[in-house]
């Protein structure tokens, strides 16, 4: 639990994702293993689609490296949750987040399914990401106007620029070191465009371009050096629970009471 | 680090200085998120990633088209007309030939390699649209006016004929709204709004009249 | 006003398929028009597709206009500078003609026979003809997309009929006008059957592919039945 914790009726939450990256697990390239995992999870995720993804490694000054990866995407019946299984990662995504416990259930079930199919790679990174797209019921023509809904500490810096002109967009990234390989990235942005959460496999009603404020919280554990930790749901649960707290705290600190009223659905 | 968006920043064109504040080295990845929405000095990064994403889909489509070209012309026509329900005039429009040319093919006449390729291309696209699951009758969807305000007459087929195949798939998957796609492929589309509309007249036939606002 | 290249204006020139229904834009030769002397002329059907027929049959008279040689019907000036005509570039042996709207008249439908038909327009060509007619009569300029939408149902029906006839009749029968007429009636009957009828469904584009599939199936069944009966 974290301070001020509240479940909002009309939360601006657009996407929640949990990702486990691990060392290459050759078994996950085998049809049989993918089928075993899919069967183990079919109660919650009965639908499966193949995935072909091009991953791009861009380094400045060098040619982009392209790698083709194949995997499988498992979906729940309403296409609001997905589990993407690749040979180097497992990602849970949802556009209909209910509770953290529910997310934990899905992710640990996925871990167990992999382990059950003899997939035991070493974990590289475990991350939890909350992406909010806050939209105001009023017209926003200057990013400074977000101060009504977003805590002033995230908006005050816009006053540094010239007065009497509008700030069209703003973006920030802050990284916190939580110690022992844990980190917390907080990104926030005042944008005016189409949504940044545009799912390919999940349902999300199309949203018109317009102004919105992004609150993007990413809590994670990097496994670097030291002893390798084999994929196991207990550790994953522990890490996700630990990084869940700064995500929630930062969110509550990022919004004003006006926004809380809006998210409670009390504003018309 | 705080940066503002707005294209290439001052002084970066010649690559005079490098990105002094890189993004955090690791982020939790999600398929549902657009290619990194935060742009740094290297605005090219965002664009390039999006282009590569497009290329992967293009490759998938190319593979399917290759498979389709193995079919005979009459086989392709049977698929498009008999299974998908595309009329001769629709097929003619897509391939860019006369209706009587389509008729000749149906009767066993030969099609030029270019026409065959176009037939294969539309057949492959219709498969993709159906597989994505959102469009149940892709041939019908292509022919219908996009859901816009009255006075706009733009069909997915029009976008297809202009070459915007990947954007069409975006549209079918609802990854972007209609307005967003049109803004990208036809920047002046709003100026083409008509003052007229088509309606069902008293004699059961369609007529045209001025739209009332 | 819109322009069009001759390759895109016509659907067929010279030998026109008999199975294709008569439509707006069709050009005929050897027609002796009442009131225009006794020399056979070329004419073009001007009637709107929606008003040419009563049920499966053509109306007694069809609105037509004479087609005459006309040299300047190509390029921007040819199309913009001649608002009283419908340009028909390259109609016969690369020679240019045009339809004179001033002399619009009604011709007996019986004169407009398939053997006399020498050219048909593409759908795009039909919309361009409609656009020019509207301009000529009312000085109102209509964009082509609207005309397309207005005509969609009836032109789809015409193409369906053509396909039906080709599917059902043998090669020999396709050279027999009465066989074609009979099959056109059979199609018309089929289209009007049921509630809602396929004809009614065609009023909405969303049903076009469905109706087309059904028509093809029905035509093939009919073809098989006829073969079995022989």
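Here the chain labels run A, B and C in written order, and each chain numbers its own residues starting at 1.
By our rule, a residue touches a chain if its C-beta (ideal position, glycine included) is under 8 Å from a C-beta of that chain, and two chains touch if they have at least 3 such contacts.
Quantities reported herein were computed from a predicted structural model and do not represent experimental measurements.
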Query raised in the report: Which chains are shared contacts of chain A and chain B?
Result: none
Query - Identity of the chain that, by mean CA position, is farthest from chain B - result: C
Query - chain A and chain B, separation of their C-alpha mean positions in angstrom - result: 28
Report task. List the centre-to-centre spacing of chain A and chain C in whole Å, with centres computed as mean CA coordinates. Result -> 59
Report summary line: Between the Cα centroids of chain B and chain C the separation in whole angstrom comes to 32
Requested in this report: Write out the stretch or stretches of chain B touching chain C in their complex.
Outcome: 81-89, 92-93, 98-100, 103, 106-107, 137, 139-140, 143-145, 153, 194, 196-198, 200, 204-208
Query raised in the report: Which of the residues in chain B end up touching chain A in this complex?
Result: 1-6, 18-19, 23-24, 26-34, 37-39, 42, 45, 48-49, 52-53, 55-56, 60, 173-180, 183
Report summary line: Residue positions on chain C within touch of chain B in the complex are 10-12, 17, 20, 50, 120, 122-123, 142-143, 145-156, 159-160, 162-163, 166, 203, 205-213, 216
Query raised in the report: How about chain A: which of its residues touch chain B in the complex?
Result: 15, 17-19, 52-54, 56, 58, 60, 64, 66, 68, 73, 82, 84, 89, 91, 93, 95, 125, 127-129, 131, 157, 167-173, 175, 183, 185, 187, 189, 191, 194, 196-202, 204-209, 214, 218, 220, 222
